[in-house]
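Shared between the two complexes below is chain A, which has chain B as its partner in the first and chain C in the second.
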Partner chain A sequence: MSDKSKEEKVSTTLFQKRWKKFKSLKRGYYSFIIVVIFYIFSFLLPFFVGRDALIVKYEGEYYFPVFKFYLAETFRQKEVQGEANYRMLKEQFKQQDNDNWVLMPVYPYGPNENLLDELTEIPPTHPNNVHFFGTDDRGRDVLARLLYGFNIGISFSLIVTILSYTIGVSIGSMLGFFGGKVDIFGQRLIEIWSTLPFLYVMIILSSILNPNFLLLTFVLTLFGWMGMTYYVRGEFYREKARDYVSAAVSMGAGNSKIIFKHILPNALTPVITFLPFAIVANIFSLVALDYLGFGLPPPTPSWGQLMSQGMQNIEKWWLIGTPLIAMFLTLLSITFIGEAIREAFDPKVYSRLR
Partner chain B sequence: MILQVVPGGPLEMEIMRIRMGGAMGEGPSSTSSSSGISIPESAMEEIKKFYGFDKPIYERYIVWVGNLFKLNLGKSYVYAEPVWDVITSRFPVSIYFGMISFLLTYLVCIPLGVYKAVKNGSTFDIISSAIVFIGYSIPGFALGAFLLVMFGGGSFLDWFPLGGFRSNDYDTLSSVDKIKDQIHHTVLPVISYVISGFATLTILTKNSVIENLSQDYIRTAFSKGISEKRVIFYHALRNSLIPIATGLGHFLGILVAGSFLIETVFNIDGIGLLGYKSIVQRDYPVVMGLLVINTLLLLVGNIISDIIYAIVDPRIRFK
Partner chain C sequence: MKQENILEVKNLKVKFPVAGGILLRKVAEVKAVDGVSLELRRGETLGLVGESGCGKSTIGKAVINILKFSSPDVDISGEVWLKTEEGEVNLLSLSRNEMRKYRGQIQMIFQDPYSSLNSRMTVGQIIEEPLLYHTKMNKDERNERVAWLLEKVGLQAEQSKRYPHEFSGGQRQRIGIARALSTNPKIIIADEPVSALDVSIQAQVINLMQELQKEFDLSIVFIAHDLSVVEHISSRIAVMYLGNIAESGPGSDIYHKPIHPYSKALLSAVPLPNPKLKNKERIILTGDVPTPMNKPSGCGFRTRCPIAKPECADSVPVLELKLPDHYAACPYVSGN
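Showing the complex of A and B:
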């Protein structure tokens, strides 16, 4: 009993040590906190940025348009077809001056909302104090699109990274654990697969098939899993020869138990240290595909799509400047996180990139 | 020991897939055109025959692979020229930009990395690291687009031309103006080519040098009384360059694949833009030809990397 508790103590302190080291690297730690907070916040975006009112009080009753769709007729809005326009409603209520009121989000414009009726100039319009980052060529608010695009970009790359790492780790550990013919054959297959020019094939595929979120995730995963196999395979080869594995074998543990319980936890270092960089790479791929017009289908808000608009309207600098800065800040902070994680996990005392 | 298998069949599998996809993509478009403008059945047949769509997929595929071994990649739909000519005519442009950015990266990053390693922890080291990290976080093509907006005569400054490889009247210029014009068109694309490679190579050099400087043989060299310069540049640098030298082979692949986005942004008529255009225009022979050439280049690059590795590092031997 006492042995077991001692063992647990030792194994937790290794992780705690790394976490402590990570926390001591201020640049990476604060980037980590900021990115996590922003990402969580981006799921609550409809409450802060959006076209739907949070609460409407109309003739004694409360409505919550954020959660539910209301026709314009509900509020007797005659000028509007379909869904109610809450910004107009707010103005109307103000003029009528009775106890009806509308509580709008802090920034009352949605990412896919066409503002052609409200704009005084032809879009894309310049940034002003109503639309902080201007509007794009279809009169949609750039700030709202950037913020929603952040959520989609990060979610997308998280999903792709996790999927491709799952595949990469499974195949890598299979190759490393069984070795021999499986290894040689599998390695050759991976080598062949990885000589395909990734971006080019991606573009060919998405030009033929109509891309959507699922398909893009699938295809990106298909071309993203190979990198991890090399590292995990190497780790498995090294760990396999250790005494604790022989001990487990001699105690009659089955293959799956040895793989998952004994070796895998010890072989995860490269997985964790490469994770942030893989996320960066996947965000990059999504932006590149969106930019070329082979990414997520319109009207999904995306940074790459804004940039390609910027290239078509080259004198509208905010269409390219704002997504570039947004992307830059996001990628920079994730890179900082990655650098800090690597330093925390690496006993050597120098900074690393890739 | 390095074991590198030259795969004979990688292309085949992928090509098969694309080929099938290609047929699928072409299918609906031809039917939609026939329903739209109602093309006579016989004309339809003729068109199909012209493009070779009258035969089943596997037969087309076998013919295509057969031709591949004869170095015949077929004829482009759009340019009505052999694919091989279309592609080779674009090569010089891509190689021009590839070579410049490659040389620039290596000439700047290796000395910078060594200097940063020697002065590890100094103000210069910290500042240059920060700059390099910032560069790493900006995708090259996005920066290119931004530079075009800023300096390409969009909103602010009109210092550089809006993309293109050369001016239209290039042939009529005098030789001095030719050089000027060429440089004028080169600056912005090269910045975008170089930006992200800078970080990786500089940090790689730096870490490699630092790692070597802490080795025993360096201490031995110092204790022999050799000057610091000689220890760093003769002893340490030689070993530090091993991981960098192996990257040389991959350059071949990067030269083609990496230029995809930047050539599109700057409208430079090289391999990348050709690839993009041929996908958009559904010019499948060119798409396939480029895929084959890209894959071959990557393969050759891998092999060159391995050979260089074995040459520069005597500890590694081909078995």
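Showing the complex of A and C:
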């Protein structure tokens, strides 16, 4: 290659190089795209899956129930109490054959909607062409619950992972950077903390307090940050002894410059490579807690809660089968992402995946 | 003719504790540097030569006072006097904060061109960093200085946006040189700047350093493990063995008329045969290299010395004047 063409080559950061490598690992890269698209889509679920109509045209006026709550009286729906029932309204307008109309989401059932009035059998009902994955024991649509549960599971797991990594990275950096007594005492304290039995604490807490999103996030973070401290501590120890850090000291850089400008950017490999696996673990924790009944309060759509229903009605296979498959696919694709990230960021250790 | 000293190291001792047991108590110590004195004269190059592990890098790092950072438990004694405009300061007596003031005057080029550059920073950011700490230049002035420095070390100004991994070892070492020069230092400690490079590139980098020495009026401590590298660039050479200076004197004297048995052995190991030594027999060092942790008593070299005597175990030999300005730490040899 001539010097000229080298000059024109666009400069790449280490991260860009690794990203390119990640993109070349098809299994992980496609899983990444699918999971990201699905997760973004899950925030738009009310437009696709839900009980509230997107648009209602009633007596010359437009209503947007996805965004706003309307009482049944608004549309003179006499037989309904409280919020309007838009599926029913749609049928009514069809029969009346006037200017009024209702536009429903493609799959017009909500995750927390009790369908006892519409079902012809006693729930849980079998999957059919109306309720694709059947209904659960309270007559709620399983598909809607699964989809909304996906959003909650991933969001919860992301929040817990980010919080516990923030704590873990900060403490690990401190131990590794300052070393000496700080490190020895810090490590002993973390070891003591790690011996607290998570499940007992969770059971005790949820019998005193009502578990909710915040409390669960708090407790899982409190018990989840320790693992990362060891890795980051080790990275800091190693990086601190390398010549580029000595060079920074010899130039007169202060501690904060050395930590944030020099060491931290070089110490994040374990953070990034473990991230997908931590997300998997936290999704799994939430499912397990929900399954045991210590999770998010009802009627939050949750995979674990569906599974526990399924265990009680083992012959209703769709109650346990569909959340299991959903969980399996989710965790599998995130694990694929994790593998590819590892391979891209830490190629020496994990090169067997090539 | 004799220039004044710009840097003086007096009786420098560096001990690394070896921790063990569950409480990580000190169980032994590595005497990496065991009483070394050196003088660097203004505008000159002092060659510091010795086998790997004899304490050369440790001396360099102790001189610029960065050992305490990466090894907080290290035990350092002795003095390092730097001559500045306001008089002499003992760098070893300064705290990290007080030391900052003098950092711009004495800089180091590191041995490993790969680990000594932060791979997350562009070349521009790397060379610019000392300017942030030691000058009040604004962004434009700094960019200009970086571009100028890059050209001085034989790279192109446009390469400042590149990352270190896009450069070869020799180019990286040039970047390290540019970084060390950015604050206009008076003294450069060059820690084996070429030993990681291809032989064909070594000469280029050494020539570059000689040009820069003239242009920037630098005094250089040039560390190497091979006498041939420093021979023609050093006014004076100090040969080290296991934490001590074995011999020191004018560069050509050491190369052509070595006195100490260790220097003789080191020279006969030089791959390009030295014609002056051709007729003499090659001295092959036997025995394992002792580590600074289990250093022999008395003369550190006695386990491998071809002329060792029982008395060599009794006391540590001191540097004695053998020829004009030429010292050797062995009582059983002479300059003639």
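One rule holds in what follows: the second predicted complex is superposed on the first by the 330 of 354 C-alpha atoms of A that agree within 3 Å, B and C clash if a C-alpha of one lies under 4 Å from a C-alpha of the other, contacts with A are read in each partner's own complex, and residues count from 1 in each chain.
The rule is short, and it goes like this: a contact is a pair of C-beta atoms (placed from the backbone, for glycine too) under 8 Å apart; a residue touches a chain by one contact, two chains touch by 3 or more.
All values derive from a computational prediction rather than experimental measurement.
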item: Touched partner set for A:Leu163, first chain B, second chain C, both or neither; value: neither
item: Touching partner for A:Ile203 - first (chain B), second (chain C), both, neither; value: first
item: Larger contact residue set on chain A - chain B or chain C; value: B
item: Touched partner set for A:Leu119, first chain B, second chain C, both or neither; value: neither
item: Chain B versus chain C as contact partner of A:Met311, first or second or both or neither; value: first
item: Partner chain(s) touched by A:Ile272 [first = chain B, second = chain C, both, neither]; value: neither
item: Partner chain in contact with A:Val80 - chain B first, chain C second, else both or neither; value: neither
item: Contact residues common to both interfaces of chain A (with chain B and with chain C); value: none
item: Residues of chain C defined as touching chain A within the complex; value: 24, 61, 64, 66, 69-70, 72-73, 96, 99-100, 103-104, 107-108, 110-112, 115-122, 129-130, 133-134, 156, 158, 161-163, 165-166, 176, 179, 183
item: Residues of chain A defined as touching chain B within the complex; value: 188, 191-193, 195-201, 203-205, 207-209, 280, 284, 287-288, 291-292, 307, 310-311, 314-317, 320-321, 323-324, 327-328, 331-332, 335-336, 339, 348, 350-354
item: Touching residues on chain A, where the partner in the complex is chain C; value: 7, 11-14, 17, 179-180, 184, 240-253, 261-262, 265-266
item: List of chain B residues in touch with chain A within their complex; value: 4-5, 7, 9-10, 14, 18, 21-22, 24-25, 120, 129, 132-134, 136-139, 141-143, 145-146, 148-150, 152, 154-156, 162, 199-200, 203-204, 206-207, 210-211, 253, 256-257, 260-261, 264-265, 275-276, 279-280, 287, 290-291, 294-295, 298-299, 302
